[in-house]
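One chain, chain A, appears in both complexes that follow, with chain B as partner in the first and chain C in the second.
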Partner chain A sequence: MLLRHTDKKVKERNALTINPAKTCQPVGAMYASLGIHGCMPHSHGSQGCCAYHRSALTRHYKEPVMAGTSSFTEGSSVFGGQSNLLQAIDNIFNVYDPDVIAIHTTCLSETIGDDVSQITQKAIDDGKVPAGKHVIQASTPSYVGSHVTGFANMCASIAKYFPEVSELKLDQVNVLPGWVEPSDMREIKRMLLAMQIPYVLFPDTSGVLDAPQTGSHMFFPKGGTKIPDLKRCGKSIFTFALGKFCSELAALELMKKCSVPFEVLDIPIGIKATDRFMMKLSEVTGTSIPQMLEDERGQLVDIVTDMQQYLYGKKVALYGDPDTIIPLCEFLVDIGMKPVHIVSGTPGKYFEQRMKELVPGANFRNGPQADMYLMHQWIKNEPVDLIIGNTYGKYISRDENIPFVRLGFPIYDRIGHSYFPVVGYKGGMRLLEKILSVIMDKMDADAPEEKFELVM
Partner chain B sequence: MSYEKLDDLMLKTYPKKVYRKRDKSIVVNNPDEAQEIQANIRTIPGMITQRGCTYAGCKGVILGPTRDIVNITHGPIGCGFYSWLTRRNQTRPESETSENYIPYSFSTDMQDSNIVFGGENKLKEAIQEAYDMFHPKGIAIFSTCPVGLIGDDVHAVAREMKEKLGDCNVFGFSCEGYKGVSQSAGHHIANNQIFKHVVGLDDSRSDAKFRVNLLGEYNIGGDAFVIEKLFDKIGVELVATFSGNSTINSFENSHTADLNLIMCHRSINYVAEMMEKKYGIPWQKVNFIGAEATAKSLRRIGEYFEDEELINRIEEVIKEEQLQVDTCLAKIKPNTLGKTTMLFVGASRAHHYQELFNELGMETLAAGYEFAHRDDYEGRAVIPSIKIDADSRNIEELHVEKDPVLFSNKLVDKKEALMAKGIEFSDYDGIMSDMKAGSLVIDDISHFEMEKLIEMYKPDVFCAGIKEKFAVQKMGVPLKQLHSYDYGGPYAGFEGAVNFYKDIERMVNSKVWSLVKAPWITQEALNASMVKVH
Partner chain C sequence: MSSNVLIERKNQVWIKSESINELTCDKQSVAGSVSQRACVFCGSRVVLYPVADALHIVHGPIGCASFTWDIRGSLSSGPELHRVSFSTDLREKDVIYGGERKLESALSELIPKYQPNAVFVYATCITGIIGDDIKAVCKKITNIFNIPVIPVHSEGFKGTKKDGYKAACSALAQLVGTGDITAIPKLSINILGEFNLAGEAWMIEEYYKKMGIEVVSILTGDGRVEKIKKSHGASLNVVQCSGSLSYLAEMMKEKYGIPFIRVSYFGIEDMSQSLYDVADFFADYPEVRLKAEEVVKTEINLILPEIQKYRSALSGKKAAVYVGGAFKAFSLIKALKLIGMSVVVAGSQTGNQKDYEQLKMLCDPGCVILDDSNPLELSEYVIQKKADLFIGGVKERPIAFKLGIGFCDHNHERKIALAGYEGMINFFKEVYSSVLSPVWNFMPCRNGELKEIV
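Here is the complex of A and B:
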């Protein structure tokens, strides 16, 4: 057994987290920054933070992840990181020449109280920021919230910095996709295109973290939301903030600065959440939903009707980020499955509220000590038929012999998430295919010879 | 290979101050001359470095591979999360029920209230909870950046909890990420605390005739398993490995060995030095990467113990193992001969792996370390002349004295007698002495320099880590990860050498690179007959 010390008996813990279902803010900020075209994320802290975040994102995407660090030493920790950051800004513009440097803080620079906006201003005053180039910053202390919070904070900084205030409105909407994969961002754009709705989507990591092999390394790949698009999103008629935890802050900033009204919707995972997104898009823009998307919806529902017997009543344990888990839970319930154990390390009352509505009978917890160790203990007490979550679930899956679908961050040991979406109706089909495949593979593996089925 | 082109590009691109600093870290090698390279100094902010932090070196590298210590990261959640299972430390517990905490990540998950009011109480509670749940033999505490800044005393907490728990060794590491200039400081801190709190607690001695420790072998990809098997075959007992496939008890007992063998000089020479001072155990540098190097290292053990039976057994084992190496090389070498490589990794791997490339008939054009000191480049002779700067001064140097009871004069005499015969001890000549004249040696290479090197020299395979892997491959050059072995291996010993040969042959001969350009880019196909449809 890999997790041989996990005991069935659940004891409340107050201080010790074991096998976390979250990580820290800066990695989320780094991921969000990569969704701006020509942007170099910069980690204002020790080298290790940057090395760890780059490694995590690289392992997840199998793509280059370029980012700078202020390389704090003991001296800078005592005297402040201003000199390091000024040097870094100067060097990055000189050597790597990005359009934007997106600085995020770390627990180190936050604890010593570095004022990054003042340092940035000094860099501008000292002429270290070339004309037409930008430096933005987000405060992302690792001891508050989770990686999701860091993503939200960087998105909010983007929304605060770039959009131009204007009386003029353009026939376009803003879409904040939340922390989803490049494939999901691509899929959302495809849906908008199918509806012929002009949009600005940010951040957009498609074309950055799913870049093609061309024989040359583009330091700043062709994807990412372009700065002129970010500037004009203040003129949009509406903002769709997908995922309360990831996108609400940025939508609020856009409203404050440019009076763009917004609504928070779930990330469109599954039938109903996608339906709501489609309906709201249609309502706001007056566009009808094209036959193509309706057909895709029909295909998705068709799979569910055809495969009910393999899904109905099956128990599921899932863990990950609230914005993903909420619509996923709804989808699982809709297709007849039964989410019974749910954890998320990301704190926030809204999660609990939605879980109470969606899966009132389930074990769910988020925030401190809502970790994978607890979920594993719950599984030992009430076994499940399926586990859904990031790569770390493979240890529980193997020990308990439970089918496992990888979803969320990080996925270190499989490919696919960069290229094939889980959002929208198409994404729903992929999710269903994955769920059915692992459940049916186990049926095939476990069936006695005389019950081994050709047709299923 | 000429340095001028790279120099020219750097000069054009780098701000003056950066250029002046980087220039001292780049040397055109001349093994016949004593050359100085700048190393173990601060990375210039904003340069995109390979380096990580002190915590990573301490918790991730040195203590990570030991299976029966509960390693609690004291800090916000990230550090504990990223160092959770990512270093491929394989381990083989004695039985199905023996302790193995490697698949677990333990953290105090500090919140803002802990930053404001201090985290010591939460840490104590976390230790208590871990003890109540698992009753481990040892609990180690690793400090992350904010811990030192807010003044939490992890050592006082460790002392208090050790006393309170009674049967659990609790010890702490002040390995905050900002200490030192790279992972290297973390290695040193780990060495110190293990020596202070663990080594020497168990004086029991097995009756094996030949007893050695292996230091600086971390069992990536199962390397330690291969080496253990070899030691078993030649009849030498491995008292402790620091720290691949290890247990806390093996460390406690390690001072009873008669010889320390060092693989990774950078990360662990401190323990060897301290053991020699306190217990009189001499150390020698070995390398089990590369078939020839493995044979040489095994022979060193025979030479040390001066036992004919042992020496004969070693020769038999080498002969037997060399067979698979020769068979494999005969097949593979024609496909690798004359190809080129560059290695930028670690502070021993960039050196050790040149052995394997030599065996494949491949040339190393450039190499360098991520976190080495000058002695790893220029050899230990340079140590007295290395200036202590502000960053290295921060890392504690333990004051070690002879153990009045356990210090072995016998081993000291043995060492002296062997030295008189010309056998070397405490020896490491560094990477530069083994590299060709004209090859480039670069310390703490920046991403910019790496890309320029590749553009200019197009090596057939490039060796580095995960952060470099996909950028280099996007440039059309296969990258071999020498931290994680690309999830392959083992690469140690004779068996490992064969694995490595095969992997490199696959990489330098892969057909996939010929598919990179689509046919319509390379071929003209203008025979259009269809009219554009609207």
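Here is the complex of A and C:
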């Protein structure tokens, strides 16, 4: 019993988070930066932040993750981090030669009041930024929002910096995929290709954090959204912002700067959310949905039909990032399952609003004290048949003997998320396979001999 | 890429029989270099983490707590309170108005509920900057609940990971000397700097027990507050892993007159030496030495045939070693020599001048020695020196694999015991299975030269 300390009785806490269902902004900013081709993320703060974020991403992807740090000392904390950052920019361009440096701040540099945009301007004025190279920056104090906020802030900075303002419109759309896996970004691109819609997708970590083994270590892998693509996204006819928490800010920036209209949609997880994405794509571009995607949808619905007896009425506890949980919750309801406990560490009223619509009877909470401890307490009070969330659910799963599907960030103890998507109809099929496998494995394991069946 | 070594770092790279300059170390990392180092908080957190019946609360924004939640495989034989993550999760308004009250209220809620034997309160960058008086809060709470509530001054920016070790040692020093030592025999030691990864501390303790030595406290593997409190009753401190707890050993020497010796439990030679050194310290009890010899003889006889097997398979292969503390590198070099492997790249995140002098003597001509290195340098030298194996931690693993060479984790994330005699065989087995894995047959580079990096 690893979580023997969990008390069944739920008591309001106000100063304390136990076993968090979130982490801090900079790691999200780092992940988003890695979705630009040839980009070096840079952490403006103490060395530890950068080391932790790199380790977290490395554990999640089993890939090398490169990022620089301003390596704050006590001196820089008193006198400001300007000289560290200037030196860092100079060193990074000289040695690592990236196309872009994407600076994010930390609680330390924010609190001492470093003005990163002014420092960046100084670096440009001093000639430390070579011609054709770029430095972008996002403010990501750890004490505001969560890792999701950091991701959104960096996406917004990308959207603010690169797109060129132009009267000319190109026959293309922008897709902001939100915080999903490289596999999901790849899948969205496959769907766009199937519909023959020209697009710019950013950030795009496919080809960066799922890089193949080639016998050499590419410091900047071949994936990521290329600068010319980012520049031309101001000329797109429309922006699809997938996930309100992750993508709305960037879409707003694009509209402000380049007047690209946008709509916020859910990340296409499950049947309905994918339908909405497809329909909107079709509406905006005038393209029809190809038979191939129609067939995939049919296959997904077919699986649900075939397996409904194993899905219907099963209670589910899920936790993680709001943009993922919202469509996932909808999907679970659509396939006859019953989400009963939902937790997200990321604050924001929109989450509550959507949960009220989707699962009015469930326990749900987000923001402060919405942590894994609370989730465990809820489960103790009302047991569930399935847990869905990141690796940190494994303690509850083990202690309470509940089937567990890993989804979200971080996943430190299984592979697959980098390569197999959960978005789109194909992703829906994979989700179903995972859900059904763990539920049916448990049925097999628990069945008394006479009821142990060959055909299920 | 023009030059793979930052100009500012050229004195932190040294090549045996080639370099004429001295190796520079103990330096702040160069800003903008992709250093593999962490911060002060990280140093404190890893050292204190294994104290299993203490409550560990991180006073800061959520990241510092979430990234150090259950990150070490430091096993506990009983309580598991250390594996639960507690944080004050500071928000913007706390940064403006101060977080002391939040900390106080969190502690007042937690202590009655979990009844810990002690509490460690970790300071982070932000609490250092906003000037929260953690010490005062701890004192107040100590008086209310009558258990030690200890501030850990681990503000991230205050130095390197090494300074975090010091902060952790200062925190431990507040417990040392507060317990009853009347029942402790003369033949007794503490083991410092052993974290019980994969149960290693239990193996080591067993060897000493067989010699008739009582282990009063292991700091901090499978740690218990009560044991730490009475650790000043031991006759000798045995310090493993040079970096982390030497500072506490020095403090205990000064305050309680307890001498200390430095040992390594990794590798046959060093493991045996660490038993003999303890036996020699208790020279007035000759039977201890005899028992130590017996332990060594029995254990070595058990593993010798196995070693021969690995030697014939691995002899002539080359290794690169990049670890946290330099002391670990010494042991690794010696252990690899035992199976005929040479070390072509050796380095550490936190070694000091003395460490590097010893490292220089130990390694073969041509060996590259690196202080506070980065992925680019490491890749470059690993390829240049044609290493077959990389020994390092979490951030180095995927680089090694991308380069198409074997890897052995010698850090927090190892799942198998590598210390002691049994650990030696585990280590060779791991090296063997990684270096000779059939997957390398699929590497493009194996057909000819290792490819240059782009």
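The criterion applied here is as follows: the second predicted complex is superposed on the first by the 456 of 456 C-alpha atoms of A that agree within 3 Å, B and C clash if a C-alpha of one lies under 4 Å from a C-alpha of the other, contacts with A are read in each partner's own complex, and residues count from 1 in each chain.
The criterion applied here is as follows: contacts are C-beta pairs under 8 Å (C-beta built on N, C-alpha and C of every residue); 3 or more make two chains touch, one makes a residue touch a chain.
All values reported here derive from a predicted model rather than from experimental measurement.
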Partners on chain A (chain B, chain C) - clash or fit: clash
First (chain B), second (chain C), both or neither touched by A:P141: both
Touching partner for A:K256 - first (chain B), second (chain C), both, neither: neither
Contacts of A:P368 with chain B and chain C, given as first, second, both or neither: both
Which superposed partner A:K62 touches (first chain B, second chain C, both, neither): both
Partner chain(s) touched by A:R398 [first = chain B, second = chain C, both, neither]: neither
Touching partner for A:K8 - first (chain B), second (chain C), both, neither: neither
Chain B/chain C common contact set on chain A: 2-5, 7, 13-20, 22-27, 42, 45-49, 51-56, 58-59, 62-74, 76-77, 84-85, 87-92, 94-96, 106-108, 111-112, 141-144, 146, 211, 213-218, 345, 368, 392
List of chain B residues in touch with chain A within their complex: 13-15, 18, 42-56, 72, 75-86, 96-97, 99-101, 103-112, 114-115, 122-126, 128-130, 132-134, 144-146, 148-150, 176-182, 390-391, 394, 446-448, 451, 466-467, 469-476, 516-517
Residue numbers on chain A that touch chain B, as the complex places them: 1-5, 7, 11, 13-20, 22-27, 42, 45-49, 51-56, 58-59, 62-77, 84-85, 87-92, 94-96, 106-108, 111-112, 141-144, 146, 211, 213-218, 345, 368-369, 373, 392, 395, 412
Chain A - residues contacting chain C, complex: 2-5, 7, 13-20, 22-27, 42, 45-56, 58-59, 62-74, 76-77, 84-85, 87-92, 94-97, 106-108, 111-112, 141-144, 146, 211, 213-219, 345, 368, 392
Chain C residues touching chain A - in the complex, by the definition given at the top: 1-4, 6, 8, 28-42, 60-69, 80-81, 83-92, 94-95, 101-103, 105-106, 109-110, 113-114, 124-126, 128-130, 156-160, 375-376, 379, 394-395, 397-399, 401-404, 442-446, 450-454
